[in-house]
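Shared between the two complexes below is subunit A, which pairs with subunit B and subunit C, respectively.
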Partner chain A sequence: MRGRVPLARRALFQDRRRAALAAGGVAAALLLVLLLQGIFDGAMRQATAYLRASPADVIVSQRDVRTMHMSVSALDPATDDAVRAVDGVAWAEGLRYTTTFLVGAGDRQQLSYVIGYDTATGRGGPRRLSAGRPPGPGEILVERIAADRLGLRLGDRVGVFGGTFRVSGLFHGGTTIANSAAFIRTEDFAAGTPSAYVLVGARPGVPAGDLARRVAAAVPGDTVQTTGRFAREEAALVRDMSADLMRIMSTIGLLIALAVIALTLFTLTLAKLREHAVVKALGGRTRRLAAVVLAEAAWSVALAVAVATAAAVVLGAVVGRVNPAVAVAVTPAGVVRVGLSALAVGAVGAIVPLRRVVAVDPASAFRRAS
Partner chain B sequence: MSTVSVRSLTKTYGQGDLAVAAVRAVDLDVAPGEVVLIMGPSGSGKTTLLLMLGAMLRPTSGTVTVDGVELASAAERDLPPLRARHFGFVFQDFNLLSALDVSENVELACNLAGVTGRRAQERARELLTRLGLGDRLRFRPDQLSGGEKQRVAIARALANDPPFVLADEPTANLDSAHGREIARLLRRLATEDGRSVVIVSHDDRLRDIADRVLWLEDGEFRQLSPAPDPVSST
Partner chain C sequence: MNPRSVRAHPRRVPLARRNLTADRRRLAAGVTGVGLAVMLILLLDGMWAGIRQQATLYSERSGADLFVLQPGVRDLTAGAGSLPLPTVDQVRADPGVAWAAPVRTAYVILQLHGRKVPAYVVGSVPGQRGGPWSSASGRPPRSDDEITVGTVLARRHGIGVGDRLELLGRSFRVVGLSDSNGFMLSYVFVTHDALDGLAGSPGRTSFVLAGAADAGGATARLRAQGLDTLGRHQVSVNNLRFATGILGSPVRLMVAVGLAAGTMIIALTAYTAVVERRREYGIVKAMGGTGRFLVGLAVAQTLTLAALGLGAGWLLFVAGRGVIDASRPQFAIVLTAGAAGRAVAAALGMALLAAVVPARRLAALEPAAAYRSAA
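This part shows the complex of A and B:
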């Protein structure tokens, strides 16, 4: 049952066209922020897809190398055995790793991280193949989206390292707008290529953190991280690369939202000044009227966030269909972040209307309407 | 019994040579159940006096005492609850809130007086039904005639069950039939409910329902005239 007359809601939605325009304007601004954030969240998710699917508990890399993206790592050939000898290690597998171009049909090129792994255990490869089989000698696994870009199908040949590999299988996940991943046998890297990373699995009951400390003691010249930590570092790298752009675009979006909210509340408050005076004359306290303005701001923001979220989800799906390499991840955390920012913007936008409401003289209710 | 007592009430706007006295040393007592009509030319200080009576304007000097509470010296934060507790206001322009329906306009006044929820809804329905608007509860103000709007405004003025009703030109925007209807209604508030009603108006027709008619000119009461027997005029 209603406790008090919902004055804010009634006033805001009295003119539905104005309310729709205001909410639409704010929603469009928030949509910009949500979409951009979603694109970067999606990129982060794609960038860490391999690590999140990895069975490893710990990853060893060259000293101070903490990521795979934008990194070059080379380990001492003795590292694999040194790690295997650590108490609590169930298995350890070296990965070969480099960045190169895959060359497909019609000389189409795709920048790609190429990972060499032990196909006998499969631990360093993709979790699941969507088509084909693991690579044999002279064969390669290509990500589906990258394969589409390159015009490749199973059995086609793709240029890598100046030679060609036959596509033996396809997997899903890991292609971003900038790059992709591909997998070959360890033995197909040039002879003598050192491991870039060592994936380490823990024995049952050994926590990843403990294992990382033990391995770090065994290979003090290298960097040892839990897989979770490694994935967070990877995500942070993507975030850092996009931070400035995100900040600028988010600021622009929020400023537009601020302008629309402020203008809406200001015009609404001006239109209702006499009615605010009447409420004061009838015994309404200033704080009640202030609450009305703040509630109007909150309603505007809530409506706009809801519309923007729905639009972002729909647009994200459309973008994903048009360009599968661009994943738009509209996450609850992202929506909450945008919602809180929008609430802060709404509060700022309410300042001038609040000042007008506080200053309303109840006696003005007795002035003749023009 | 609730009374309003005004002593040496003065309101001066501006200072020095530019000072203008809108109300000058006015004395007035209003008894329960009494209808007092204050008339006078435009700019005579009628509305200023009404605003001071209703705790919306602080006097330059003098006192307004309502049920033993001195309004002129009350703290600013105490004035809204004083208004919500003691006064009902009727405006010339009705001043209904356009975004609310008829019932909500009355409920809002209940809310301001501390009555909420179902009790406020019941109170609003009861008052509006009493004033012949039981079938208009969900109408918007712009769907009502002038007379109906003013009746809603009167219902709103009664929402907090005030001992005093202050009406500013309540019939000015109404045709003669609706004007008479509102006048009779204001009379009933005094006769049946024992409320004190102070009306500021140019409308001579309201003389018929007043117990006293006061003539305000240049901020001072110039003459006091007895009014016709209010009982016979209803």
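This part shows the complex of A and C:
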């Protein structure tokens, strides 16, 4: 008999409207955490899109510069050749890099990282074009979302560096909530502009870590990282910038969830005190009643996490349509993190109701309800 | 019994209030929940105001009437823009320009205590405008190995005057602390030459500040020479547009979620109170209480909850802002009269929306419920 009657579930869902409101309240609080987490995870993915697609094994940058986002880097002009001469290096290509505005139709602007690369090899450019062809002299590749924002199509002219460039191609990936990326030929950067970064490819059989160490020995005044490490540094930038905000919002969200769970369980426990007394009078142990309350908490949390996850996915899609630069990445790891936090909150919310059921008098089962 | 007299009677008994306060702990949990949602809305609103205030900080405090920018660049916050350094002489040559100063800017990522900390580096010429506008201690940088840092950055990372700070592989001596802090990032000030060296491109500047009694006339003349010149107000508007354009969508989303959470909590508390007292409400209906009267009861309950939640939210906001100011000063939270008004409107909106579910339940209540025993 024991364990066959799902007391917790029945008590919780007896009044569906109340169950829906309770689940909705907790879900809204968790949604806050999930969405914010999703926005930052999405930004992290966007921020590392270029690096994840890069064929480079190692990246060289100015000393103490470990990222591309929000960074300036300027290398000594001799760096490219010094790196090429390192044993194990298959190729090395310097990238020109600056932050500027792209100015489109009707003076619409897009903050953008403009990257100058060698179009003959294509190694420093986008991996795949969604339309058009690599840039020729006076031409530029623009990210698709940025092009939409600027009202640009293939062949249109876009303002850059005070002049104009013709859009020769479009690519996908790299536009974030704050900025975008665009590519031109190295030669179209102002004469004398030094390389900001050097992309380095390893010969077959040379591990990236080994190559990074060899290159670092050759250019000791610069920062040398494997591409993987560089991408992690980019992700860490987003994470470190967002960590405090995430902590504040998560705390508020989880406190709201705590209030709703406590409210729901407390109300439910009070309403079902007589039933609990009956269970106790029939020989049910306090432990069993405590398990019922905890199961109610677990059900509330599970339902809320499911609703919040579904809502986050739907809202993420809606936000992505309204503003394609905002990517909301709802990841399984993120959902698990939020779920575990919510379970802890549910356990705290169950404390007062637990005290009530522990103190319940079995004799009250035989008294008339008032 | 005359139904009219029955209807008149419940008006004298504060049913809604008694119903709500029948269980104080439940009321406390409900009010706390609503209060937290209101606090969230107030905090987000306060952060939004902080973002807006700090987005225009440099343009408003630099003392410039005009900004000469790279063509196509419309604001200062992006850290973008590059002009030939001789542009400053061209600006000074205008008869209406009283003074002009080149300013170079860049974002850098500092690595402090194992964390990446973004900073907005401003390089100005010693003795000219464009440097730190408000000194908390020390002085502005005079030589190329000196730096002045924002007070928030200094406080968070234990930086004081006389300490050394690494910037893009170069060591700088901290000579001053300045009350110049942006949202989630700090301003740091070096000399123009120092930033030229760090950026590896001397002979360039990011923009030129200029002072002019007749800003309109000077702007027209400089534009006629091909210099992209904007007035202070326009630059501030553009800075604001840039900053709010980035953060607008996420903040609006968070406020909407906060509103949804608050609405659900009010609805849940009011609904629970109604369901538990449905027998009493059945009696009211059996005695001639109209549907409208009962709906009014539901609305009164949700409004009471919202009002209490608003008060709790205010207290929580004051406490929360104090904690954030002390522990995370990079988030400026500015309370405006508008924010208070919006919080009241949000609470009112939540109360009215939340009344729908309990009101429907009350409207559908059968008078016979009065004669059933409590479940």
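Here, the second predicted complex is superposed on the first by the 365 of 370 C-alpha atoms of A that agree within 3 Å, B and C clash if a C-alpha of one lies under 4 Å from a C-alpha of the other, contacts with A are read in each partner's own complex, and residues count from 1 in each chain.
Following the convention adopted for this analysis, contacts are C-beta pairs under 8 Å (C-beta built on N, C-alpha and C of every residue); 3 or more make two chains touch, one makes a residue touch a chain.
None of these values were measured; they are calculated from a predicted model.
After superposition on subunit A, the partners subunit B and subunit C are accommodated together without colliding. In the superposition on chain A, contact is made by A:Leu7 with subunit B only, not with subunit C. Applying the stated contact rule after C-alpha superposition, one finds that A:Phe366 touches subunit B and leaves subunit C untouched.
Touching more residues of subunit A than its counterpart among subunit B and subunit C is C. Of note, the Cα-centre angle with subunit A at its vertex and subunit B and subunit C at its ends comes out at 90 degrees, rounded to the nearest 10. Residue contacts after overlaying the shared chain place A:Gly25 against subunit C, while subunit B stays out of touching range. Between subunit B and subunit C the least C-alpha distance in the superposed model amounts to 8 Å. Common to the subunit B and subunit C contact sets on subunit A are residues 369. Contacts from subunit B toward subunit A in the complex involve residues 47, 50-51, 54, 56-57, 77, 80-85, 87, 89, 91-93, 95, 97-100, 104, 107-109, 111-113, 116-118, 120-121, 156, 160, 168. On the subunit A side of its complex with subunit C, the touching residues are 15, 17-18, 21-22, 24-25, 28-29, 31-32, 35-36, 39, 62-67, 70-72, 74-75, 98-103, 109, 111, 159-162, 177-179, 193-194, 221, 223, 233, 236-237, 240-241, 243-245, 248-249, 252-253, 255-256, 259-260, 262-264, 266-267, 270-271, 315, 319, 322-323, 326, 352, 369-370.
Across the complex, subunit B is touched by residues 1-5, 7, 10-11, 14, 274-275, 278-286, 288, 361-363, 365-366, 368-369 of subunit A.
Within the complex formed with subunit A, the subunit C residues making contact are 23, 25-26, 29-30, 32-33, 36-37, 39-40, 43, 70-74, 78-82, 106-109, 111, 115-118, 166-169, 184, 198-201, 242, 246-247, 249-250, 253-254, 257-258, 260-261, 264-265, 267-269, 271-272, 275-276, 320, 324, 328, 330-331, 357, 361, 373-374.
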